[in-house]
Amino acid sequence: MKREIAVVGMIVCLAGGFLAGWFIPPLFTAEPTERKTLLEEIQDQGYIMVGTDEPWPPFEIFNVTADEWQGFDIDLSAMIAVHLGVALIMTDMDFDLLIGACKAGSIDMIAAAMMVTSTRAEQLAHSVPYIRVNEVVIVQSVSTINITSLTEITAYTVGVQSGTTQHDTLKDLGMTEGVNLLVYPKADVLMAALDLGTIDAAFVDEPVFTVYAKTYAFKSIFTVPAEPTALWCRWEEPELMKEINKVILNAFGDGSMDLLIEKWFG
Amino acid sequence: MVWVNSIPKPPNLAEIGFYIFVKGLPRTLILTVLGLLGGFVIGLSLAIMRVYGGKELNWLASGYEKLFRGIPILVLIFVFAIYLTNLYEICIGDTCFGIEPQYRPLFGVFLALALRSGAYQSQIFRGALLSVNPGQEEAARALGMSRFQALRTILLPQALRLAVPSWSNEYAVVIKDSSFALTVGIVEMTNAALQISSNFVELWAVSIGVVAILYFLLTYPITRLFGERQTKKLKELGMGGG
Amino acid sequence: MGKPVLRIVDVWKSYGELEVLKGVSFELMEQEVKVIFGPSGSGKSTLLRCINMLDPPDQGEVYLSEQNLMEPGINLNIMRANIGMVFQHFNLFAHLRAINNVSIGLRRVKGVSKEEARSKALKALNQVKMAEWADHYPAQLSGGQQQRIGIARALVMEPDVILFDEPTSALDPELIGEVLQVMLELAKTGTTMIVVTHEMGFAGAVASEMLFLGNGVIIERGTPQHFFASPKSDRVKTFLKQLDILYGSHKGLLKLSKEEEDK
Amino acid sequence: MMFQALPQEIQDLLAVLEYWDEILEGFIMMIWLYVWALMIGFFLGLFLAILRQYGGAIISRIATGYIEIVRGTPLLAQILLLYFLPYSLNIPIERWAFYTNFRISDREMTFILLNPEILVGILALGLNSAAYQAEYLRGAITSVGTEQLVAAQSLGMSRRVGIVHIVLPQALRRVIPAWSNEAAYLPKYTIVVWYIGVPELFGKAHYLVFKEFIPEATFIIIAIIFLVLISTVSKVLDVIHKRTAIPGL
C-alpha cells in the first residue's frame, strides 16, 4: 500500500510541478548557452510549420475535393519550403490566435493574409510585403445601402472576422460588439450570416469578397485602401526571416510572383 | 485545377459522410481512446486517494477535481495545445517528451482531454468504490488479506464493473469534447465537416447534420450496450450496495 | 346489518399467462369486517387492488354502494376517494409531515380549505393516537407509527370502506400491537373494513366473516369460530397449523384479545 | 534593484486587467446566457422526463428519442445547425437588438439583452441542457417509486394530481445533488456560442488576445473566472440543498 501511495504521490507531484512551472517560470528561465536557431531546427526536423486560418480564399482554403491546401499564401509558403529543402505542414487555427501561437513557438511562420500594423509589428517580425489588397464593405446585391465614407457604415449592422484589421477599425469607429458589430471566428460563418441577412454588411479583404461573390449574390459598396500583407515570424529568428525575404524578393525578380498573382487574383 | 477559378461539383450526401469518416474518424478515435485511457489512470488514482488516502491526499485529489472540472475544455485545449511547447521549453528544456512539433497540438488536446476526463472519472470511480458493499472489505480482511490486497483483488474488480455504465457516459462526453480540437486546427470529424462547408457554402447545414449523425452512431450504441445492459446484468449479479 | 356497501361479482384477473384471480365473489355489508387470508401468491393483494381499480379486473363486476366501478366513463378518482387503502409498506409521502400526509387527500381531492383539513387531520391523528407526532416527517417515525398515520390518512377521507393490505407484516413484532390496537378500535366504532392479514387473534376478535383465498378462488368462508373449531378443507387445516407453529396458538391469542376486550 | 520593475507575468496580468470592462461585458453575457439556458433546460427537461416516464408508448419513445439524439451529438454542431436553420429553409431574418448602455467609472459599457445570435445561443443551450436535465430528473422520478403514486391514487387523486403533488416534490428534492452538478458545469459550455458571434467571455478573451497579444495571462484570467464562478455556484447549491433537506429524502 505504501508503494502505491508513493506512485500516486508521484503523479500528483508531477501534476503539481507542471502547474508550478506554469506560474513560476522565472525559476527555470536560465538562458541556454548554446541554442539552435529555428532555421537549423527546421532543417533538422525536415519540415516547417506554417500557421494559417482557413477559409480565407483565395489566400488559403482546404480543398476537400482535391484533398489539399490551396491558395496564394499556400503557394508562397511552398516556395519557401522548397527553398529551405523541407516539407510544408499547414496548421489551421482561429485568426486571432495566430500571433500568440507563433510567439509561443507552436508554429514557425504565419501565412494568413495578415496585414502589417504597428501593434502586430511589436509582437512579431514581418517579411517584405508581398501584396497589397483593398478592404471592402460588401452587402447583398439587392441591398440599397450606400455609403460615401467608412464612418457611415456604423449606422448599420456589420460583420467582421475576429482579430482582423477590419475588426479593429470598426471597433475604433465606436461600434459595439453584439449590437451593430458582429464578430465571427470563421469567415464562412460570416459570409453565410450576410447571405442569411442577420447582418447588413460585412467588412473583408477584397479578394475574399471576389471569391465568395461567385457563390453568393454580394456586391461591394465601398473600398478602403489597406496596409500591405506580409509573412510573419518571431523577432528572435532573423536567420529564418532572411531566407523568407530572399524567396519573396527572388519571386518578384524572376516574375514568379506575377504568375502567382495572376493565378489567384487574375 | 484551381479551386477559386472553377468551383467543383458539390458532393452528395454519401460523399460528405465518406469524407468526414475517412478524414476525421481516425483523429477523433485516437483522441477519444487516449483521452479516456489517460483519464482512467488519473481518475482511478485520484479515486483511490480520495477513498483510502489520508486527509492530505484527499484534499489534493479533490482540489485537482475542482480545478479541472471548473475550467472549460475549450480553454484547456487551447492552453495545452498552443502553449505547450513554450511551457516545456521553459520547464524542462528544448524537448517536449521528444514529440515532434507537428504532433504537439494533438498531444496538447490529448492532455487536455485526459486531465479533464480524469477529474470526472475520479468521481465515477469514487462513487463505485463507495457503493461496493462494505461487507466485502470486511470479509476480505477477515480472511487475512492486507488492505491493499483486499482493494486489488476484491474491491477494485467489483468497483470497476459497477463503474461501467457511468464510464460509457464519460466516453460519450469525451468523444464530443474532442470536437473542440478543431480550434487548434486538428482535422477530426467536426473540422472535416467544417472544411466541406467552407468549400461548398450551400452545404453548411447538410455537412454539420451528417457529422451530428455520425457522432450519434458512434455514441448511442455503446452507451446503450454498456449503460442499460450492464446495469441490468449487475442487478442480476446482485452487486452494488444492496 | 344494513345494505351491502361493496359487492364483488365473479372477478377475474391475470398478469400475462399467470391467472391470479379466477372468479371471486362476495358482499360486504355496512359496519362489517371481513378478513381475507391465505398462502402467499393466492391473490389477496391483487383482489384489493381490483376492488379500488388500481389494477382493474379483466372480467367481473365491482359495485360500490350499487355503483358499478367497471362501467366505462365513470370517474374512478371520485370512487377511489370513497375506498380507503392502507398499504403493507405504509407508502407515506416522504416529503410531507405527518399532518400534511393526512390532510393532503382532503385538500387536493375534496377541495377542503386548509384550516378545516388541518383540524380534520388532527382529529384523525388523535384517533390513531399520533397527534403529538403531527409535525414529524415519516423518516423520523417508527414503522408502527408510520402505519398508524397511514391508517389516519385513509380514515380522514371518511370512506365507505377501508382496505388493509397486510398492514402489520412489514413491522417488527413489538410494533404490531399498537397498530392492531388502532384497528380493533376502528372495528368497534363500526368502520367497514376488508383486512388481509395473518393475525388470527385480531381476526377472531373482530371479523364477521373470514375468507380463505387459495389459487385465486375462495376455498372456504365462515365465521372465525368456524375456522378455528372445524375447518372443512385440508388446505385450510394445514395452513392454520403452519400459522400455529409460527405464531403460537391462535386460540391463545384469541383468548388474550377477548380478555382485553372485556376489560 | 529587484523591485524596480514588476515581474513580466504580473505586468501581463495587469495589462489584460486594463480591459476589465470588456471582461465584465463578456462575463455578464455569459451569466445571462447561463441563467436562461438553465431555466429553459429545467422546465423543458422536467416536461421531457415526465413524458418519458408517464407518457404512453409513443410519446415516451419520442421523448426518449429527443433525449438520446441531443445527448449523442456535439453541442457545437447543434448550435451551428440551429443558427443556419432559417438559412437552409430560406427564411429571411430581420435585424434587431435590445440593449442598454451604462457607465461604470470612466468606461462606457453595453449590455445586450437579446439579438438573433443570443436567441439562438439561449435556445441551443437550453434545448441541449434539457436533454441532460431530463435524464437526471427521470432518475429521481424512478427512485421515488411507483408505490407513492399508487398511494396517492388510492386516496382518490387523479394521476396528474398525484404526479404534480406527490411524485414531483419528492423527485425534485432527490435530484438536487445530480442537478447541481449540471447547473454548476453548464457555464463551461456557454462559450461555444462564440462561434455564431455572441460577444461572450470567451470571445472577449480572443479579442484581448489579438489586442494585447498576451494569451497566457488572458486565458489564466478566464480560467480563474470560471473556477470562481463554478465553485461559487456549486457551493451555493450545496448550502441550499442542506438548508432545505427533509429527513428521509
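Letters are used for the chains, namely A, B, C and D, taken in the order the chains are written, and counting of residues starts over at 1 for each.
Please note the rule applied: contacts are C-beta pairs under 8 Å (C-beta built on N, C-alpha and C of every residue); 3 or more make two chains touch, one makes a residue touch a chain.
Here the structure is a predicted model, which is why all the values come from computation and not from measurement.
Here D is the chain whose Cα centre lies closest to the centre of all protein Cα atoms. The distance from the centre of chain A to the centre of chain C, each centre being the mean of the chain's C-alpha atoms, comes to 80 Å. Averaged Cα coordinates give chain B a centre that lies 55 Å from the centre of chain C. Chain geometry summary: the mean Cα position of chain B and that of chain D are 21 Å apart.
Averaged Cα coordinates give chain C a centre that lies 49 Å from the centre of chain D. Shown for chain D are the residues in touch with two or more other chains, namely 80, 84, 87, 215-216. The set of chain C residues touching two or more other chains is empty.
For chain A, residues that reach two or more other chains under the stated contact definition are 25, 94, 97, 100-101, 104, 186, 192, 195. Pairwise chain contacts in this structure: A-B, A-D, B-D, C-D. Residues 66-67, 69-75, 78-79, 82-83, 86, 172, 176, 179-180, 190, 193, 204-205, 208-209, 211-213, 215-216, 219-220, 223 of chain B are the ones that touch chain D when the two sit in their complex.
Those residues of chain D whose C-beta lies close enough to touch chain C in the complex are 144, 147-148, 150-158, 161, 165-166, 169-170, 173, 246-249. The part of chain D that touches chain B in the complex is made up of residues 68-69, 71-78, 80-81, 84-85, 87-88, 185, 187-189, 191-192, 202, 215-216, 219, 222-223, 226-227, 230-231.
Those residues of chain A lying in contact with chain D across their complex are 23, 25-26, 94-97, 99-101, 103-104, 119, 122-123, 157, 159, 162-163, 167, 176-180, 182-186, 189, 192-193, 195-200.
Remark: chain C residues 52, 54, 77-85, 87, 89, 91-95, 104-105, 108-109, 137-140, 153-154, 157 touch chain D in the complex.
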